[in-house]
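Think of it as A, B, C, D and E in the order they're written, each chain with its own count starting at 1.
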Amino acid sequence: MEVLQLLVSGLANGCVYGLIALGFVLIYKATEQVNFAQGDFMMLGAFITLGLTNAHYMGLPFWVAAPLAIAIMAVLGYLLDFFVLRHLFGQSQTAVVILTIALGFVIRFIAGLIWTHEPQTLESPLAIGDINVGGVVLGMADVAVIVVTVLMTFFLYQFFQRTKLGLAMQAASQNQMAAYFMGIPVKRVQGMIWGLSGAVAAVAGILFASKGAIDPNAGLLGIKAFAAAVIGGFGSLPGALMGGLIVGVIEPFASRYFPAGYSQIAPYTLLLFVLVFRPHGLFSQVRTKKV
Amino acid sequence: MSNLLEIKNATLKFGGVTAVNDLTFSVEEGEVYAIVGPNGAGKSTVFNLISRFYDPYAGSINFDGNNLLDRNADAVADLGIARTFQNIELFDHATVLQNLLVGRHRHRSTNLLQEALFTSKVRREEKRHREAVEEVIDFLDLQPYRDKMIAGLPYGVRKVVELGRALASGPRLLLLDEPASGLSVEETQDMRWWIDDIRKQMGITVLMVEHDMGLVSGVSDRVLALADGAKLAEGTPAQVQSDPAVIEAYLGAGAA
Amino acid sequence: MRIHFKTSYEHDIRLFPDRWSFLVYALLIVVAVLLPWLIDDFFLGEVTNVLIWAIAGLGLMMLTGQTGQASLGHAAFLALGCYSCIIFMEQGLPFLIAFPAAGILTGIIGTIIAIPAIRLHGIYLAIATMALSILADDIIVLMEPITNGVSGKFAPVINIFGIEIERWGTPDRFYWLVLVVAIICTLIYRNILRSPLGRAFAAVRDSEVSATAMGIHISRTKAISFGISCAITGLAGALMGFFSGIVTNETFSIVISITLLMMIVIGGLGSIHGAFFGAVVVAFLPQFLSLAKETVIGGGVAIPGLETGVFGMILILFILFEPMGIYGRWMKIRIWFELFPFARKDMFKRQKSYLKTERLR
Amino acid sequence: DTQGVTDTEVVFGSVNDLSGIFAAVGVPAVNGANMRFDEANAAGGVHGRMIKFVVEDNGYQIPRAMQGYNKLLNRDKVFGMLLSLGTPMNIAGFKLLDPKGIPNIGPLSAARQMLQDPIDNKYIGFSSYWDQVQVGVKYLAGEFDAKEICTMYIPSDFGKEIAESTKDVTASLGLALGGETTHKPDELDFVGSLTKLKSAGCDVITMALGVRQGITVVGTAKKLGWTDVKFLNTSAGFLEPVAMVPGGVTDGLYASAGWVDLYSRAGDAVPGKFIADYKAKFDQPASGFAMLGYSAADTVVRALEAAGKDLTHESFQTAMESLDFYDELSDAQIKYGPGDHQGVDEVTISVVENGGWKLVSRQ
Amino acid sequence: MTETVLDIKNIESFYGPIMAIRGVSLKVEKGQVVTVLGANGAGKSTLLKTISGIMDPEKGQVIFEGREIQGMEPHKVVGEGIVHVPEGREVFPLLTVDENLSLGAYTRSDKAEIEKDREMVFDYFPILAERRNQEAGTLSGGQQQMLAIGRGLMLRPKIMLLDEPSLGLSPLLVQEIFAILKRLNKDEGVTMMLVEQNAKVALDLADVGYVMEVGRIVMDDTADRLMESEDIKSFYLGHQEEGARGERRWKRKKTWR
């Protein structure tokens, strides 16, 4: 029973990591850029929802606020690409890494300015109520996060695998020049994926905020999501989910059974362990070059 | 003359594709040996086997009495085997000179500490490397490009730089993967003279893959025609060129 | 444009390409030595800080700029260098032995850690090293008997042949010490760059296949690069410890790792100048902003986190303006002056450029 | 003459976290202090001197903090430090402050080292985490007849002090420590650790976690149906947002601190005015740390007044040691004296009820 | 009556400070095959890249069917009906052969026709059909070249810019490819601009030829007449008097210098 409870909570937990990981894996898959601000996007998405729905801000109904926030984040993601990242088109990916790290500073600053640095709680219907199946308890938010994450991974996977646009995105990430030769509007495609990943970040943020309080530094969670994505194989959507789940599940078991002082290092130790045996993650996206 | 390189019964599969199929051939010291064959015949794969980038499923590869299969890819160069690549693999963010100097790496005899302090030994060695490299630069007429970054060089020059890098290592066996592809007629003629000089003046054995039959018949002593990873014909350029199977699979009826 | 007529092989091997640049650097060093008489303690402290960061930057630059291995975990090696230097000194070793020993120990441990890490590429390596940096924090706590855990350690006073050096007590001496270390590290860096090892690093960075074909042992080369990088970083860490006076598990946080990487990219990957330029931006810009804020909007905190926010925006502008880093811009300005008056106005207008996948190794 | 003092100005500095993980503490505290100084300056300053308060943001990083000290000491030449945040940052600062005798007042750290020797130039506002845990655990153990005391903490100086105090008080009560768990600041799921502590049969759990995490822990325990356990926070978690979490998630959470919650006294004159003024000035609700900042600044203003026209570090110390007043805002008696450099000696214990903190004991 | 589809006027292109094209003008008539010859580094690839929008010219105009297209985003140029088969293959290495071909038809939505064209490509290059599920990056050099050409055909262009299509192909395939190009040109009326080192086959196919040298056009004429030119013969076709270069240091001087 206890083990089952740990497992189930771990899965719910892992889905949050998976959801954030999904955000930067999307971007990576379509542009090979790495977005270090994805965690901060999530935080921003959560705060926008909070600003729209909480009683002492705008007080909109949650089910209006949530889609609105997702839409706003999608637009923000697109605009970010349009006004900022596009100037780095064709430049080395390290430049983008540094840019997104700096962007994280700015997002945190702005969020702190608007919503202060004190933790706040999202007034979300998901936050209330539990499901109790034979002694195993799951919050509504946990259930929602599991369902949403699994569905999103599935649909995004299908999108990349099956649709023309998904294929074009993959092509654009592998060879920008050749993609242009095919008539793919590479920059616009990149803008779309940044928008999409903004929306995914907002979803993650809403679900995350439903599980507890948020503050402008909540985006630091992105670091663990990175670990998750790398375990899964950076660039693989099922890998992101898988890595998230692994990290999520290892945590409660480690806290339950490892001595104090050691339990909290479990996810990172696991990451290193996985990489020793599979240097490019479980679902490797790296190939050897044919010469 | 003795066999410098011996490949016996080599086989390599990629999934369902048999890239090299029970292939046996040998290259004699001092000769120019050419491999021709349709696209996808497995020519580059043979090179990659010799470079130890791939492990053969079966067979043996011997170089001057050494079993190459006992060695790692980086240890192949130590024996004096240098190569070029079909798709040009240069160090893009370095100058031509630096690229050629990397070719000298197998002659490095100083250690980290000496290099960090740049002792007189390092200085002496560096001079020696540079002398060797300048000779190559002279030989290949690369002077105008010495201090240029690879990234901005035209295709043809890069091909020559790659040849230079391989030469700078002072090899006994030179593997050239399509040395003349992308070169103009004039440049191909230069290439032909260079290969001739490499063999005659420097005494380096050459194994090359090439589609330009003019070049092949001009420089090579023996030619191996490959199809589907297996030997189709072997002999002098004239013999191979007139082989009906080779004409059918590779040269086409229009070829003179 | 200055044209170097190369008359001997010595020419390319020399430390300075010509007499002119030798003079420039000599002058720079003279000014640097005289600096304590030219500026006040506040600025001297800042310059010292910048130099320490520059040394750390040189360390990471060796790995990331030269060998192409991005590390987001170098704070762990700063910590290692810092703790080991302090512990060696506590054991009674004089600074002149403890300090290099700390560097060497960090280098050795860095090499050992590199052995599994060298199979990783790009983002995988970056995240793995980031995990290392996060774990370092916990390991320091777990190794309490040696590291004094969360309470941390105090940096002892440095004593070199009876001359006491302390960051706050004798800021000028401490500055000179840092300056000497910075110069030595720069020289070593430069020496490695102009010898076979340095070229092997660049070869591994640009093409692993052809480096292998040229007889370069990829793993060994990467491990050596890791080792040198960590050793230099360890030295910087030790100096940082002396600069702060106290180190705890929280001192060398993941934020420091990230800042380090940011620094060398902004400075310009792959150049010694880049490490110094980057250090000026990352270490001095926040302080500069703080000073600027005072003159613009007066003291106090009108807007919390303003400096960090503005810092972030300036970094974004830096990257947008010059993705190749400040060094890239520096080179362009130099070329412009050298070509003067023949330079075209839009000579450095960015031509469209395109990327290819890095998932092929 | 003394640095940072002229006939028209006295400069105080602070190395604070305005953008890092403790910005939720640093920002309101600095705001509160600025509010008090603005009032003093508007009233013509103290003995004709305007108070200048220079705050350097350290983002909770030691290297940045050292740059802050460099600026404050070498450039601004501050007279004293006020409300500096972070235990290691403060301790690093002592090495610079002590030789010059520069006072360090009201640091935002409740570590015991804040009063380490020499204490001449160190003044803390309220009880240490150590004392808070001692008092809190004793209270809860007595009240609820607890047998097993447990602790959850972040492995940092802050966490360690609380964990050790818990162990110490447990031993002195003749009880056994039931269990302990450690956490990362970015951890968000506590099912594992709570299951562990539950199976250890904990009755009282002391917490040294981030604010957000504290909320999640209490909520998770409820969700798991574990209701007969008492969680004890320290001053680090004694915040309004913790009490205000919707759905009564944090109801029943205890906190021991050095002051009485601001909002529970919103009806009283002084706190009520403070809440209104703060809101008017910063357009944000005031928080407990805003109150602390204000109160610390108030202490400084009083000391400056008492020190008289001739302001030196010695006269300031004498003045500080002479302070003894009732602070209506924080509802506490603030008293310093020679050898007593802790302003408020009292420890308060509060519990969350109906979305607010309710004082249950003060000792 | 001829109609100029592509009119290039006085183009100048730079790589940073390096001037790669120094004022090139040329015209391509509808249904024509135009070939551009030139030594290494002459700027042939740069010229094609400037036309297809991969590079921006600093001066001059590229006029396609009466519209100025210089400096346009490359995907818009493709939308105009110009396809560029680049030098050096440039396939999508991690996608399969099939997916690469599908991307060739990215701008089209006529499913049935696309499938027909795919079959046509497979017909031209049967090995691609065999390897349709292999990742393009693992194809041999020549197979990748076939894929690049096939992918270009999938776009159904009005005009094709071909940059060294024969690179790395076996002699047999070179003949086949040029036969295919000829058929496309004659039967479907596709206009072509062809850059080739293999001058003989190029001039055989082409109607008009240009010769580039360090960024400038130094010679232009009909293909037939070019073939007769002494310079072309010795530098691009390799015809020479026996033994003329027996002593290799000696080179014939180009008359246009």
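Methods note: a contact is a pair of C-beta atoms (placed from the backbone, for glycine too) under 8 Å apart; a residue touches a chain by one contact, two chains touch by 3 or more.
Just so you know, these numbers come straight off a predicted model, no measurement behind them.
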item: Starting at subunit C, fewest touch steps before arriving at subunit E; value: 1
item: Subunit A to subunit E, fewest steps along touching chains; value: 1
item: Any chain in contact with subunit B as well as subunit E; value: A, C
item: Contact-richer chain pair (by C-beta pairs counted) among A-C and C-D; value: A-C
item: Euclidean distance of C-alpha centroids - subunit A vs subunit B, Å; value: 48
item: Where subunit B and subunit C are represented by their mean Cα positions, the distance between them in whole Å; value: 40
item: Euclidean distance of C-alpha centroids - subunit A vs subunit D, Å; value: 35
item: Approximate Å spacing (C-alpha centroids) for the pair subunit D, subunit E; value: 74
item: Where subunit E touches two or more other chains at once, by residue number; value: 15, 54, 93-94, 137-139
item: In subunit B, residues with contacts to at least two other chains; value: 44, 53, 85-87, 89
item: Sequence positions of subunit A contacting 2 or more other chains; value: 105, 108-109, 112, 117, 174-175, 177, 180, 223, 261-262, 264, 285, 287, 289, 291
item: Touching pairs - complete list by chain label; value: A-B, A-C, A-D, A-E, B-C, B-E, C-D, C-E
item: Of subunit C, residues touching subunit A in the complex; value: 70, 116, 119-121, 123-124, 127-128, 130-132, 134-135, 138, 141-142, 209, 254, 258, 261-262, 265-266, 269, 303-306, 308-309, 311-313, 315-316, 319-320, 323-324, 352-361
item: Residues of subunit E defined as touching subunit B within the complex; value: 15, 18, 39-42, 45, 87-89, 127, 131, 134, 138-143, 145-146, 164, 167-173, 175-176, 197, 199, 235-238, 245, 248
item: In the complex, subunit A residues that touch subunit E; value: 164, 167-168, 170-171, 174-175, 177-187, 285, 287, 289-290
item: Residues of subunit C touching subunit B in the complex; value: 9-10, 12-13, 188, 191-192, 194-200, 202-203, 205-207, 209-218, 224, 228, 270
item: Residues of subunit D touching subunit A in the complex; value: 19-21, 23-24, 26-28, 155, 180-193, 195-196, 199, 211-213, 215-216, 219, 223-225, 239-242, 244-247, 249, 284, 287
